[in-house]
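What follows is chain A paired twice: with chain B in the first complex and chain C in the second.
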Partner chain A sequence: MSTQTFPVRSLFSATLASTRMRLLNISRYPGQLITDIIVPIVFAALPILLGRATAGENAAAVFEANTGTPNFVGYMLLGTSAFSIVSYAFWHIAYWLRWEMETGTLETLYLTPTGRVWIAAGVALYSLIRSIFSALAGYFIGSFVLGVNPFQGELLLALVFILVGAIPLYGVTLLFGAVVLKVKEANALVQLMQWGVSFLMGVFFPIAIFPPMLRAVALLFPPTWMTNGVRAAVLGVGYFFGEWYLDLAVLWGFLLVAPLFGYWVFTRVENGARRNEGLGQY
Partner chain B sequence: MQGSVRIENLGKTYQTKHRKGLFKTERREVVALDSVSFEVNPGEIFGLLGPNGAGKTTLIKILTTLLLPSVGDAWVNGQHVVRDANPVRASVGCMLMGERGLYWKLTGRENLIYFGALYHLSPASRRARADEILKLLDMGELADRAVETYSSGQKMKLAFGKALINDAPLLVLDEPTNTLDVPSASELRAVVRQLNGQGKTIIYTTHIMAEAEMLCNRVAIIDHGHLLDMGVVSALKASLGRDQVTHITGVISSSAADAVRGLEMVRRATLTAEEGATQLTVASVNGKNTLAALIETLNQSGALIQKITPQDVTLEDVFIAKTGRTLAEDTSAR
Partner chain C sequence: MTLLRSSPGLTVLTGFKATWSAFWAMAWKELIVLARYPVQFVTSFAQIFIIMAIFSLAATMFSRGGDSGSNTPGVIVYGFILFIFLSDTLWTIGVNIRHEQTQGTLEQLYLSPASKFANLVSRVTNLLLWTGLLSVVATLTMSAILGELPFENPLLGLYILAISLCGTFGIGFAFAALTLRIKETAQTVANLLQFAFLIFCANFFPFAALPDWMLVLVRWLPPAYSVDAFRSTLMGYPQGYPELAPINVELIIITLFGLIMPFIGYWLYRRSEDHARRVGSLAEY
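Coming up: the complex of A and B.
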């Protein structure tokens, strides 16, 4: 295969253009952006209302014993906000490929000399901007609606966990993108994936209640560490390794491995497509 | 060398799945290209002609690095299409999917600027190049409207403009006048000639033979993955070895066609069916003088003649002679 012939600065410029193009595109669907903000609030409201209806007088104490915080509402809201970032990452990467396959622009992108990793990075950056914006807006509006103080804890540290956790997350989504490229289907895959993901990353419950084997599987998944890091920073639920920097170090470990592995698998599937039917078939 | 293409024994075999009921499938191999070799010279307009499924698109996709060849080699602008894929991409302007390769929610200008970025133009150059292209194609009024509001022809023009964004020495244009009305198609062909006049090499596929005849210096005829013939348009026409082709429309049986083939002066007679009538295309050594013999033979064979159109040899005749059918027949049958 060929080597790059363009300076890195020019490639970053192409990445930013890819991000900008997608932001321009989504700005023409304002209703979609409003939905992005509402979804995590509605998603959190369901277990919150169920909990209030069924848990009884000692609910807060029982919940604190299991999670490390009595703030049941904040716990759910942070979980669904983090989940919205993870879920949108899968949707955006899967839909990027599927949508561009269907509109015919995927082949057009492959005709350009910009490597797919740079375009994918542009899509990931767009997705991150969009999902962090909607997760933060959802968190603050949800806090207001559900009666929680949104400014408690260490918000900046929580943001660091999100940003560091997002990079390996997008590495994992590239693996998922490879599957979409192969099977030429996104909807059913994302639907299936997001329920599995929400379960493993502990959106509604601490993974401490999992059986040991399942807990080990959950800990192999970067969003689990990201979600717990955010909750620990804001609500003080406790880090997996006791200290924030140790949990962050684990995320850095994922950061070094997951994107490279995702990219490796993606390029193999992509080359397979170029060997046979091409990338334009859908 | 800039603007050149060299293809050596290029072949492509697809693995396809054939459905055998609800769950059962059978794998088969389909040969889309078989040992194709030719060269395109810098500065020429080279036509690729062939019906749907002939292998043109496969060939173009290999040349533009979208597909990997199964066997053989190809060089575009002196760069190998597999080993030097990125330099090849940087040095080719492509219009392959017509209006499908555009972002419909973006404006025409935004589309061009975005693709300029992917071809690594600086931000200022992207904008300047987009302005130049919009001016060249007379699309200034449409530039800041969302592409989704364009007519089909306007989208095609913008897709053509996108192929020009990197100012490449080689343009690959796949049926660029599809869906254009007659004046717009004519304007686009004028732009193609203008670009060629500036030194750009152009590979042009079309199923409109008259268009290929008007534009192309040389053409290659591809069918069932094979290169059937290639050369300068006038030489290909001359290679039929005649100065006259006669189209006879009516009710003509295959035995009547055989009787015509038996005439001494007839080199080739091809029977095709179009819109309920049959048409016999007869290539003869001296058609004008043999018209009477043709009519007599057909009458004796029971043919009903409705129309006789003598005409000079066209590229369409060359195509019929090489493939045994018309391109329109092939295209409409799919």
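Coming up: the complex of A and C.
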């Protein structure tokens, strides 16, 4: 049965059902949600404490000379909060596929009349809700704990950067999902990816310190624009193109290209796996 | 292999030779499983390189002219080595027990006559080999990024590492005991413990950065003394190091920790195991 025979409304209801099921499941593990909030705070605390120990009273002044803002606590917290959104996107999409593989339900899923992309969209929506909640909670609680004002700058504009940046981000995770389907491994790849991502998006530092080639690679990655946009909106560290709307326009460009490209690659790999009977194996 | 019939109808494996044989077979099985995932080999090494680069670059944000400070590389690298051992111990020993439980093989292992102690300790072998190799890579990587690392008193450093690892494995056994009790929550607790150790053991920064109230808690944690003594010794005791206590006092604390903690951990594990067998929860998850 072809998925095209189903109205969009019923496919969209499959997406919402997938999201609801996952949200219901995670609500049973409040400890996991607390960990989600603690992660960005602890991760940010490491360079903050290192900086305070090495630079002492001059920490803010030295940090300002290197990054453009003396608020190193806010800078690190925003970096790790954005990182947690990006990292969870990869974790959730990769583990969704891997888990279905391991439990033997991926093949079953392919036999249902619902398109995988709609189910994947449900996973993405669940992931986005969960990660934005933990990132915001992490940022606000972390700011109070570490003694900075979380209500400075243009918070709404920062939220726009996150929401616009999230769509190409999930497009990129489809590429990653294709890799998981291909190599039948998720844990090691996600571990590597989350550190690679945090490096490229400049979780603790501006990408201006990268050599030109590496900087160019970083700029091809949507979360780099998202992170810098959020920091520029809240802390005033400066946009890549000088104005917020120009940086946001770049993210809109990614928004049009990344999901389509990710879908195209994912479908190709998926078809290859189905032809070679690789879906039921792990 | 010594076979001993302890009671009618029940055959158990006992004696050193049998335990050693069971240990070796289980350790070999773990290594074979590890070798089946070459992606994991490659990604682990790359991951270490990236983590080191991230924290090194973060450190340069607090320095003028890109110099991260004379003690910073030593503080980060040597602290990181003890952290990856602790983190891998929690996951390899504790969470893997949970993995056996969800796979349904934990109960089968307990129905076999093989040594349960060998089963637990075999997981350490894998960890020692793999994490040891990663530690060497981390050290070399950091040297390549930030210049030569201080490397003083290697023999004493090796002793501190070895005795600290004994204590760390004891923590792993205790965590495995907890895993049998709390089941699915084990992963969350492992994550929280990792973060707690990251902060309280100051693996990536000097203890001086912690507020006073936190230092009071830190002084009750033997792993914190391990981190402090290990990096201070390898850095040649620069001014202000060790930070928590004189090195002689730290060595006594670490030695007691390394000698006593494995026994406490294993004792806790046996208690949890007995409890799980009595209530029939070995196969539950």
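As a working rule, the second predicted complex is superposed on the first by the 275 of 282 C-alpha atoms of A that agree within 3 Å, B and C clash if a C-alpha of one lies under 4 Å from a C-alpha of the other, contacts with A are read in each partner's own complex, and residues count from 1 in each chain.
One rule holds for everything that comes next: contacts are C-beta pairs under 8 Å (C-beta built on N, C-alpha and C of every residue); 3 or more make two chains touch, one makes a residue touch a chain.
This structure is a prediction, so every number in the text was calculated from the model and none was measured.
With the C-alpha superposition on chain A as described, chain C and chain B fit side by side in the combined arrangement. When both complexes are overlaid on chain A, the residue A:Asn276 reaches chain B alone and has no touch with chain C. Of the two partner chains, chain C is the only one touched by A:Gln32; chain B is not.
Using the contact criterion defined above for the overlaid structures, shared-chain residue A:Ala14 touches chain B, although it does not reach chain C. Seen from the CA centre of chain A, chain B and chain C lie at an angle of 80° in the overlaid model, rounded to the nearest 10. In the superposition on chain A, contact of A:Asn149 is made with neither chain B nor chain C. Look at A:Ala188: by the touch rule set out above, it reaches chain C but stays clear of chain B. After superposing the two complexes on chain A, the closest approach between C-alpha atoms of chain B and chain C comes to 8 Å. Chain A uses residues 29 to touch chain B in one structure and chain C in the other.
In the complex of the two chains, the chain B residues touching chain A come out as 14-15, 61, 64-68, 82-90, 92, 94, 96-97, 100-106, 110, 113-115, 117-120, 122-123, 146, 162.
Across the complex, chain C meets chain A through its residues 37, 39-40, 43-44, 46-47, 50-51, 53-55, 57-64, 68-69, 72, 75-76, 184-185, 188-189, 191-192, 195, 198-199, 202, 204-206, 208-210. Residues 1-6, 10-11, 13-14, 16-18, 20-21, 24-25, 28-29, 103-105, 107-115, 119, 271, 274-280 of chain A are the ones that touch chain B when the two sit in their complex. By the touch criterion stated above, chain A contacts chain C in their complex at residues 29, 31-32, 34-35, 38-39, 42, 45-47, 49-55, 59, 62-63, 65-67, 72, 183, 185, 187-189, 191-192, 195-196, 198-199, 203-205, 209.
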